[in-house]
């Protein structure tokens, strides 16, 4: 439970490590349900198939004793507080198991008045990483099966959580694949960049899974579903696809917590997180803004400074 | 299907010279939903407007587009006409085919094509437009006047006499402003204080006027008819209610050698003081920076000698919020100084005059104090350095003013007249003295003004030299003034005992900060901008705020008083109605879809967006949504561009309208 | 030279005067730069900048003369150092005009058959000494401080005017010369005529004007208690130095000084005016002297108002 | 400014989104001063640059604009106090996004043009028009408009996308 323990770098993370986190989560979840601190805890239960996990809301101490944490716990659970399970919050305080990237989403949602911090009990996970999409689920996390986003994670420690589960361990010497990919695209000639994205977007089937899974896409009516006026064509044609993904990236700019769930759930393998990463990089460079673990008053695109860069304006 | 009418104006030949208006009208007629189109020589003329009204009735039009000049020119005209014809005025739009087309392109084919496109776009805007009803807001019939000089006093008295309550806020401990400092006034040479002090007393005694001196504007919220103004009452250290104004504290104060601001630093005052004997209110104030008690904690003489126990060293700044419906800004001016200005300052000092280091070079206001019977010399003209009576006095006009190279290009308007007055006052007081005046032009338009100036030259023996001064330096106890006389075409050198500079009139320090609080605009010199140079010289562009006096530009007393009364009249016009109508271009929230992220609230510069709770019939909170106060909303639409789900929409510029226009490209 | 700092080096445009009547300025400049270990390389094949007459006669000609010289200077490495106030003014003015006015620039470029070097930095000796070399370093380098020497620093018309062109110092109240003098150990006096005109090239056409104006300057310096005047312009030097004898003859009597005052002056008060000789020094002469350069190589012999008695008196020789 | 009499092979479509208080008025001033500029620009008036949604720019490109101009009040001059400041950040971010997906930013110009800057309006519009003219028509978004979802499958990348034999067969049978 000592999150501040000095961090270690290893070549693989054994199941025992996750078991220790699981124990800590269970202990905490049972406790807060017993003393009625919370009315329920959003966490992970074992999936039906071996090596999987599925999100769950537990409301009794008994159920809480079954919660787990494993490299298969890929989901960002914060989405269960705003969309799917929105009703839960009304009854009282809710506990939630949150990895670093999930906590950024929670912080953003608090910033945007969608959640109140005092209505949450955050069981922060000192997360060493989770499986990548389609990776082999051996129970042990290695460089071979870790998710792309985890390769360059900067929020292993869930600072600001009510409790933290786990000790700090991470895989050593991982190449930052996403950053390299982003640099590769940026280095392309403009026409090639267009071709790259055109190819990706043209595959989009507009299943809207990316929207569904995003903690920040909590609007009750999406701009892109409106037809009076229709700002974004809704059928899966290349023009509308391009518009949808640009609008999505723009709407998430300055808000996205980088959980990369959109990319994980995309059935067409569109590298959506690259767009989010690119916007985050720009806002860091221009306005020194980074999505953090704690709520802020205003996001970078909801505020300004008089001396903001305007070198692009004539 | 809509029934839109398109009216294409020739504007004489202004449009038809480069745009084939007949073709434009014909093309417009072919746009689906356009029920009628025509072209006409002058749409804005009476027959033109009649044509429009008739067409609306005959063709049962439900929207009107006038393709003519800029909407900034005639939108109001045509909306009125449309309204007269029974249409909602906001269903009438203008397509700008003059400023944006016929005047800027010469190729007839291209210009006609562009005009057709503009009409096509705007037809879509009309088609998607909505009827809007003007918004009415209640009016608080109480006015705020900022500044207690002659402008503020006049405006406050006029409004108060009309039966409305007035709050008058003055930064200094007393009202009176610059006019109270003047010795005598042009062109009649009557004593300034003699005409000023009765007005000051009127203010103090008026039942409708609440006077706050030694107070400043902290914050301004709200909008026309409904301002909430936070006033900061600076700690006077003297209880105004207890003080009888006996003045014992001032005579007993051990610290007496503080330069008196009212005498331009040439007289002395104690640390507890009233600025001048006729001050209103006659309640002293402690200058904490110079008071021994405040600086070292040891003294307390004034508290000991004060019979009523009015001295209060513990007093703190206090704040009150005043609800007012209109604001008159009358913050006046200050005089330019010739000292070296900071690096990069747009306004320069006068190195050639020694940057203000020569003591016997003074400004016009200092001369006023020297000439005033209540001034530091008791009305004798004595120079500051050694107290001697100057026998040669050089007056220099346009110091700073009309000097583009010094950063100020405007004329300060009052200097010609007051310099003429100064030469007379000097001649009356120092019979064997000689006054010289360096001037560019004598600008004396005003009733009795030129006669006054001629008198200074012809009867009072002032020597006017047309030309400017290039350099002044101290030699012995004289000031050598080197200049030119362009009429004789020669260099001139005068050894003066005293030099009086007619320095430029500038807005008060902090004028820009106050403007920012008020949300009014100002020019590059920080003078406040009127809404229209000719037709709205008293109003600000911000509704409900009016200007009086030199804060808007250099003015003499008669002009200032006139403008103050005009501002008061505007306030009274506003107060004549209980409700007031405003443009309905404001944002509205779609509560069904708003999820309450309040991004709109974060970007709203007006603070117009509030959080509203939606509850079910049992009173349970369903959700929080944004709510726009239509009275406060400025109508910029930044909220709509920010809202991810577009659940907030700006009337008059809806996404539907804009998208339809883009589709028509 | 302070270790770690790159050796300063300049290209150098002496101008005609410095090769003729103002030779002292040229040789003292070279001696001073040598003493300070600052590089100075004369622009090859330079010619007249047009001085004051050219631009009164033919604007294009005057701009072209300077533009050509500037493009010659481009050939030599380093910012362009200029000692003569008039050359400095003309070169800076040319750059200013050509930057502002594209049409003129194009005309000039046709005339000189090449690009005009409008961005070549042109620096006056004063700013090189006070700013680039630096007052602190200068003070450290002083071998023989000019203690007790009261100097009236004379800027003349061109060094700081018009305000937007030379970018040297405050147009009406500069202090660069005074700062420099203090660094050299001398005492700058406060006086009134720092910025007045000496009569300039009227010295040939209407010497009477020069006598009048230069007298005012000399007298003002004497009243302020100055031992000597420091200049940065060969023409000012000429007028103030060479004409001193004539000025004394013309204005030696009481009450005959200065301009014809049209409005009663009582300043002179009848007493005979101070008739002291006022030696005129170039900036570089004084600076070099303070740096310990031998006085023989500073050209003190070739001036009219002999400075040596004063220097001897102050134990600077 | 003299009249543009030369015939060009390509007349680009330029769309300008402007605020009503500064740039629209500046364009009016260009008119009252009878300045001349290319007639390619179509102006859409907004109350403030703060109202301009990036979606509009996207839509304009989709609808055939070859160049887009967004212009408003200079910083500090906003009639609505801060709308242009918000717009400045929004468009800084949007530019980065467009550039990342391969849109040539030379086609998207931002400017501050005040009500007094008729000349600047002319300069900005002329410069953008001529720049876009030399660049030629903007094909990217227009091509997308005309493409269908499955069009890429017929091309070289079909193997990569159509990765199951069953799907390929089904697709081929559609013809």
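Chains: A, B, C and D, in written order; residue numbering restarts at 1 for each.
Keep in mind that, in the parts below, contacts are C-beta pairs under 8 Å (C-beta built on N, C-alpha and C of every residue); 3 or more make two chains touch, one makes a residue touch a chain.
By chain, with names taken from UniProt: A = 4Fe-4S dicluster domain-containing protein; D = Hydrogenase iron-sulfur subunit.
The model shown is predicted, which means the values in this text are computed figures rather than measured ones.
Engineer: Report which interface contains more C-beta contacts, comparing A-B against B-D.
Structural biologist: So, comparing the two chain pairs, more contacts are at B-D.
Engineer: Find the geometric centre of each of subunit C and subunit D from their Cα atoms only, then give the gap between the two centres in Å, rounded to an integer.
Structural biologist: 57
Engineer: Any idea how many Å lie between the Cα centroids of subunit A and subunit B?
Structural biologist: Whole-Å distance between the two chain centres: 53.
Engineer: If you average the CA atoms of subunit A and of subunit C, how many Å lie between those two points?
Structural biologist: Centre separation, subunit A to subunit C: 72 Å.
Engineer: Averaging over Cα atoms per chain, report the distance between subunit B and subunit D in Å.
Structural biologist: 39
Engineer: Using the touch rule from the top of the page, what residues of subunit D touch 2 or more other chains?
Structural biologist: 59, 82, 86, 90
Engineer: Which subunit B residues sit where two or more other chains touch them?
Structural biologist: Within subunit B, residues 603, 642, 655, 658-659 contact more than one other chain.
Engineer: Just spell out which pairs of chains touch, all of them.
Structural biologist: By the stated definition, chains touch in these pairs: A-B, A-D, B-C, B-D.
Engineer: Under the definition above, what is the set of subunit B residues touching subunit C in their complex?
Structural biologist: 340, 350-352, 354-355, 392, 405, 434, 436, 463, 471, 473-476, 478, 480, 485, 488, 490-495
Engineer: Using the touch definition up top, name the residues of subunit D that touch subunit B in the complex.
Structural biologist: Subunit D residues touching subunit B: 3-5, 13, 15, 20, 24-25, 27-28, 30-32, 34-37, 39, 42-48, 50-53, 56, 59-60, 63-65, 78-83, 86-87, 90, 122.
Engineer: Mind listing the subunit A positions that touch subunit B in their complex?
Structural biologist: 112-114, 218-223, 226, 228-231, 251, 297-299, 301-303
Engineer: Please give the residue numbers of subunit A that touch subunit D in the complex, ascending.
Structural biologist: Touch residues, subunit A against subunit D: 185-186, 188, 190-199, 202-203, 223, 231-232, 236-239, 242-243, 246-247, 249-250, 253-254, 275, 278-279, 282-283, 286-287, 300-306, 308-310, 312-314.
Engineer: Which residues, counting only subunit B, touch subunit A once they are in their complex?
Structural biologist: Listed in rising order, the residues of subunit B that touch subunit A are 592-593, 595-599, 602-603, 624, 642, 644-647, 655-656, 658-660.
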